[in-house]
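Two complexes come next, and they have one chain in common, chain A, joined by chain B in the first and chain C in the second.
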Partner chain A sequence: MPAPDPAQNCGSPDHNIHRRRFLQGLSAGAISSMSFAGLFGSPAFAEIAKKKQKHCILLWLCGGPSQFETWDPKPNTTVGGPFKSIPTKIPGTHFSELLPKCASIADKLAVVRSMHTKAKEHTEGINLLQRGHAPRPPFTRPTMGSVLAQQLGQLDSKLPNFILLDPCPEGNEFKGFKAGNWAGWLGAEYSPVRVGGEFKIPDANRLDSITEDDHEAREALRKFFGKKYENDRKSSAASSWNATFERVNGLMSCAHLFDLERIPQADRDHYGPGAFGQHALLARTLVEEGAPFVMVANGMPWDTHVFNHEVYQMAVPDLDNIIFQLTKDLEDRGLLDDTLVIAMGEFGRTPWINQARGRDHFPDAWSLAMAGCGVQGGAVVGATDKYGAEVTEDPFNEENLFATIFTALGIDPHAEFKLDGFPTFHHVENKAAPIKQILS
Partner chain B sequence: MIRIFPCYTRREKASSIPIRIQTIPVKPLLLTPILTAALLIGLVTVSTGQIHPVIIDNCTKCHGGVKQKGGLDLRTIESAIEGGDTDTSLIPGDPENSLLYQVIQVDSDPHMPPKKQLPPEEITALKTWITDLKITPPAELVLPDPGMTPTKVINDLVSKKWRDEHIAPARPSDDATFVRRIHLDLLGRIPTVAEAQSFLRNSDPKKRNLLVDQLTNSDEHADHLAHVFNVVFLDRAHLRKRNHDHRKLWLDYLRWAFKTNRPWDQIGRDLVVARPKSDQERGASWFIYDQLDDHSQIATRVSRTLLGKQVQCAQCHDHPVAPEIEQRHYWGLVAFFNRSLNVKTPHGPRIAERASGGYDKFANLEGKADQSQLILYSNEIIPETGGKQTKDTADLYSVAPPEQWFRKLKKDEKLKKDLPNLPVPKFSRREAFARSLTNENPDFARAIVNRIWALMLGRGLVHPVDLMDSAHPASHPELLAWLARDFETNGYNLRRLIRNIAKSKPYQLDSRPAPSAGQPPLDSYFARALDKPLSAEALSRSLRVALGHEKANDKDLRNQLAKIFPDLFAENFSPTVQQTMFLTNGPFFDKLVAESPLLARLQTIESPLALIHEIFQTILSREPDPGEIKHSLSFLKPKDKSSIQQFVWALLTTPEFRLNH
Partner chain C sequence: MKSPSLKKAKEIKLPSHVLDLTLGKDNQLYAACLDGGIYQVSTVTKLLGKPYEEIARHGNYASGINWSSSQNTLVSASYDGDLKWIDPVAKKESKTIKAHDFWSWQSRISPDGKLVATTTGQYLCGGYKYEPAPETEPSVKVFEVASQKLLHEFPHTPPVQSIAFSNNGKILAAGNLMGEVILWDLEQDGKEIARLKTPDFTGWGIIKGHYYTGGVFALHFAPDDQSLYLAGMGSTTDPAAGNGKQLWQKFTWKDGPKKEGAAADGEIGQGLMETLAFHPGGRFFAMAGRLFKGNWNAALFDHENGSKLHEQNVGFRISASTFTPDGKHLYLGGGVNQGRPSENKKWGRIVIYEIT
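This part shows the complex of A and B:
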């Protein structure tokens, strides 16, 4: 604490101690929920310590990317479109020619070609693939990121446990989803910290006019009043407001990590000039700093009802490079074994091409890819028929997918959520099995 | 990246909708004689229920809003019964004779869906569904007597739902809660300590009603509504993009309209006709003028703000989930405004209107072209007096434009938009649209009633407020219908509506859920007062009042906060880290508190208890409870600026201050 301004207070050292005592009083009292000291020395701690090393990066391809122009090409058919397929490092496996770099590291990727889900509109689909289960009102299931934040996150982490990098605030239905309730019954503290638009976090530095002690003391007081209101009224608005304040200190200490300028230019060049690539790079650096879950979104560009081929000719090579770089960089840094990278959207696109040369929404048979964290590199699971209209082998739904993701990250997919006054919910319902073929 | 589809669709699962009453007129075309007869015997509509999910999932891609192959639309039961080009596709109770059921069988010819076989369990499910499907009489809304007072009808219908659903409502709010809430809702600011105290001390049993009447008569109330509707009509994103040379006139118009309680139908007319007859009306032209001749933007804005419907997605195709919103409605709305043209006159910026042209050709995704008409959501087509006009001539105008308008412009010559007077055509499309607002058009009254309800109660009877379509049914359909009818028959009187809602029981509930309610009941039951986040305008004025300024309005503060807290009528409250960082570390907010008259005043108070009471009353409009006093005593030090400032900061940043409750 700097020398007190004699004009402003009495100058007694008692003054300083006083605030500190106030903080201690609070932490011993009603709002000591943040204390995690009790975890030390307990057998549970070993388990948590083991899990805390896992990370996940979700490349969220919102809008629904086409499987035909990516992982499940159908060249020389009426539905295949103008792009050819190319061989990959795995004999017999072909990707679209728009994914040459991924083809060269196919032995590190696991591809699922037999996703079969039910939701065919965006809002429904985004909810299904973000939450892993169809809605059951009035209960709101937390998103994958919120569950992972809770399961993998550390209570004392400086970085937020759920980071959403989202340079484009738009995205039609996705925009609506973003404004909604990500954390569901886990509570607002597990909702994402969204960094978007700018590459920096504004107002991240403590004011010169306030000491660190005072900064903490007034926030503790704010929290006391805020929690009281939240609890008295069972107010979800207050809960979100308080949770957003909880983030401030953590973000202040790590705001510099969100600054792209600190990353060497050569590194940045590898990921291309686009916002999606730059944010994928940022995700990598945040994982290097310990972030458990980073979701990279970019509006809703994969929704190609019009001019599918032209749009994908631009978008897929970008994605190809991003997956390639991310996988390579994580491996170079020894992080790939503990970091799960997922590239998926909320559904695929139709085999038939509409009059506007676009492809429409198609949940019946679509593809996604993963890498890292013990996922079996080179695995290609499931198959579709000649026209990609139906899954012919090993259909998997959102529950199987979520079970796979949780298992890969060391989380019991069938464990119960511990919730008071709620029906019993599990991380994944119906004892759905993970996709064994891609879990090594 | 290319942003191709301006769609804005939300599909709610049937199971998430508590009540679904939907009546859509059936066009008696192509119905089998028996069904037609059944429909004509006193039944104009059928109750719909939902079409089976198997049909939604497998058929509507080609037989839905985007495409209707074979003329068949399978989004609703009515349209399935109505059938396509050949015949009805669905005969309730008779799966074997329903085309819809025949074509999904294995080996059927033609076979549906193409290149795909539905699994047996889905076929069985459809069979059962068709067998059990009955045409039932429409679920007619039974409305309470028109002679009742709105407050009584609100109380009756909202509490009826509580009883029906076994929901315990919260207790009534206490006076301190009420006085803060009513000031925020009617004036857009918290009460001063003096205002709150005078209300609390008043022992008149009718004091709440008296306060509502008094506040709604005030200039501040008109100013508050003007700012609310400024954002409603022009929205924040739009406002940010514009340079506001003429915005003062626009705000003056809104203030005048709300101060004089101008009937809502008149306001609607002022905005869309935009040919002011008096000085006070001048600013109304700004609503259209500010769209800078973007007719599509005018149409979607008019639809959203005056009719409560989002229509953007219908630019390219019929609405995917709300079948009543068709592509031709979008182009019809555009046609009402596409003869309009911004001009400058000696009296200020005005919107001229041509007497000819404005016939758009539009095509759906299948390439089927159509011609735009002056069509309304009701499907009524407005005839153009004098028929179709393609050649602009002076005799089509009552006030004619200059000669230059009628000839072909020479190379590099520009149309002169500085005019000595405002050209007015004999047949004005905008005038025709204005007439349609109040001519058997339920949307117009429903939209404003719903919006005012949302403003006062924190959530619309239809939520979100600008998606009033068949995919978003009202939580209390009878109440919305009754209030809309009452509003129409009582001269579109906004002040009367606001007062009646403010005097109702649901409005005056406490925000703590009833102890017996367990989990808080869904917001749509209005069984407790919902938290309403303060708009940037309300936050700005409330900060000024709390911080001891004489004048509540401060343009700079408001503009600064509008950037950080842009939401108004948001679907969900979603605070951002940017907001909490702004409040914690932003020099702007720090200075605002540090240099406030409040802080100077508080430093003169010597007694710790008096200090605590003063701060609570000033900022939260209530007394502290013993627990709060205890905590405050351990923090606050009288006459110590730093501790007082931090204490004030902590209260200003609590949810209790951030929310109207």
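This part shows the complex of A and C:
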């Protein structure tokens, strides 16, 4: 397999140029910067967070994964299900027996067992946990990926700042969301580039019948007229089209980075043969190349109204291996300190078994896990009651979660979006506090 | 000839979902339940002075309960991988052996009561489209009831969810998630004699997620042992809903696998079918399970022509069934919603139907 052409390598010099907009914003507002530093346990870490290029990989467990078969098992109870719990590297902390590899690196993971949200249905929940706030029509809040693309991305990067890897073309409710407005008021340039399944970006090569010079000349002409039209008409639609063209141009120069066959087979074997693992591996390599935000989804396999235990006995071992490999590989490459890995869905699942021996949607008390980017490894935050039916300690909602994610990535969660003619919106509303227990 | 029908005679509540039923000595009914309990149950004719009584307990879901008339013992199976020998008179277990590292999905006893067979297998990702990985332990095991000795280990592709002995006890059949059924001749030291595959009982979740659902959940040999019935669910458009067709198919195998019959499209709804039982008279059989959409979740079908003779909406999911030897009653076991822990609800159900 030939090595990638260094001249086309999107990870080189451009990615060392820090032109993140949040830094521009911070330099303009001392008050904002002060409050941002106060969100960390250590002011020194706040400084580090601001200086380094950050990345985020979101393992989006769409459908709502069960906390009982993952991070908050309740063995030997009437609701616990057939899986046992196992000890982890953190004394006194147990995970489901389906997560033995994660148990072995529990000192690198932060687990929140006390998520308490209000959205009970998928579309509502996906919106809430992707955007961090309930809808406020007619305004469309950008998703986490779009905000991070804006805040962490390079303005002149060829590699997309928001990459969504999803091999499942359908996904029911998730399909509807995928067709929706991800970037909201930030505009189309912060929408995701969606790839998945074939590990190739189709039609990304310049036609042989067009020379490089000809291609560039045509692009210059298109760019001139496109920008002129956008400026003359003050057209947001034209702006979106121009942004899309820019991204397509970028993709043409880095399409090879999406080709999984360039990755050594041994590396691929570590992630398992399934589509989810292979896409997680691709996410890792894209982060190595400088991608700020990669979201890996896999349809909605976690929505187990029927066959809960039958599906989880096959789905969770896959997830266990993926989190383990990602954490280990990022650490081995010196990237874990600057890359936040999040594994979560839009809610959890009911303690009680339904008639179909499945578990239904449950936003009252659910769990998620993170690793890297200064997140406190070994932290297990919050608690639920004996049956996992209620949060008994440290409840957190979507705003606390987003404040945590932004803070870990060096973004002021309480900063305002700069929006002309809009009401005031913040990255996270209501001055919601981050989950300090998992921030270093 | 008059078509049979079902008339409800009694309904019994148990602590949790009933996964298996068997009739013991003098037609005493026993149930294996999701809470790990093995229960002796009062029926129409056998009254204990209470609805049920716990006689043994597993460390995980109790998935199977079988009666050996020749050995005068019950043999239960569980998701803990154990088989337990239970003395029905003393009402306590006499022996426990480890059969599997993973769950026992289903277990059955041979008609002469001398053998007990059990299936296992964790589904682990083995391919890009989540094809099952090869087994890590033999998926099918056969033990001698009298000695607890392991007599046969058979390979299959996990998870293997269903198993059946032929009526003459000579053939063993086991079916898996992928719709693959293997038949072994126990008189020829377990020689594989047939392998059939039907894609109709499985579905890859392209719509909602990348995993397989369904599988062959129940197997039953026809009374003459010339054909084998499979029950389960057809491919789903939404795996999370379990909305595949309610399905049975009949195969012969002697001249190569051949489908000889199937539930007619116009007579079925949607939902997973988990259990098959043959009426002692041999003229018809019962299939039951979960209702997603349609009119029934238990029905009687004509063995000769496959037509539906009677349908019943039981009102809850059925996982187990058995006819009484005199053919007068059909017992169905399953459960309703568990309910919140604070409700402390008895959510297992057994309903007894009189055959009229």
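The criterion applied here is as follows: the second predicted complex is superposed on the first by the 363 of 440 C-alpha atoms of A that agree within 3 Å, B and C clash if a C-alpha of one lies under 4 Å from a C-alpha of the other, contacts with A are read in each partner's own complex, and residues count from 1 in each chain.
One rule holds in what follows: a residue touches a chain if its C-beta (ideal position, glycine included) is under 8 Å from a C-beta of that chain, and two chains touch if they have at least 3 such contacts.
Values in this document were obtained by computation on a predicted structure and should not be read as measured data.
Note on chain A: of its two partners chain C and chain B, the one contacting more of its residues is B.
Legend: residue contacts after superposition of the two complexes on their common chain; A:Phe417 is shown touching neither chain B nor chain C. By the document's definition of touching, of the two partners only chain B reaches A:Phe225; chain C does not. In the superposition on chain A, A:Pro301 makes contact with both chain B and chain C. Of the two partner chains placed around the shared chain by superposition, neither chain B nor chain C is touched by A:Trp185.
Using the contact criterion defined above for the overlaid structures, shared-chain residue A:Ala238 touches chain B, although it does not reach chain C. By the touch criterion defined above, A:Arg206 reaches chain B but does not reach chain C. Looking at chain A, you'll find residues 170, 172, 298-299, 301, 303-307, 311, 314-315, 354-356, 358, 387, 389 touch chain B in one structure and chain C in the other. On the side of chain A, the complex with chain C involves touching residues 62-63, 77-79, 82, 167-172, 272-278, 298-307, 310-311, 313-315, 317-318, 351-358, 386-387, 389. Taken in their complex, chain C has these residues touching chain A: 16-17, 34-35, 60-61, 79, 103, 122-130, 159, 205-211, 213, 238-242, 272, 290, 316-317, 335-342.
Residue ranges of chain B in contact with chain A, taken from their complex: 1-11, 13, 15-16, 57, 61, 66-67, 115-116, 320-321, 365-367, 511-513, 518-520, 522, 531, 533, 570-582, 584-587, 590, 594, 627-628, 631, 634-635, 637, 640-643, 646-647, 649-651, 653-656, 658-659, 661.
Across the interface of their complex, chain B is touched by residues 8-10, 15, 18-19, 21-22, 25-26, 118, 120-124, 134-138, 170, 172-173, 176, 178-181, 193-194, 201-207, 209-210, 214-215, 217-219, 221-222, 224-226, 228-230, 232-238, 240-242, 244-245, 247-248, 251-252, 298-299, 301, 303-307, 311, 314-315, 350, 354-356, 358, 360-361, 387, 389-390, 421 of chain A.
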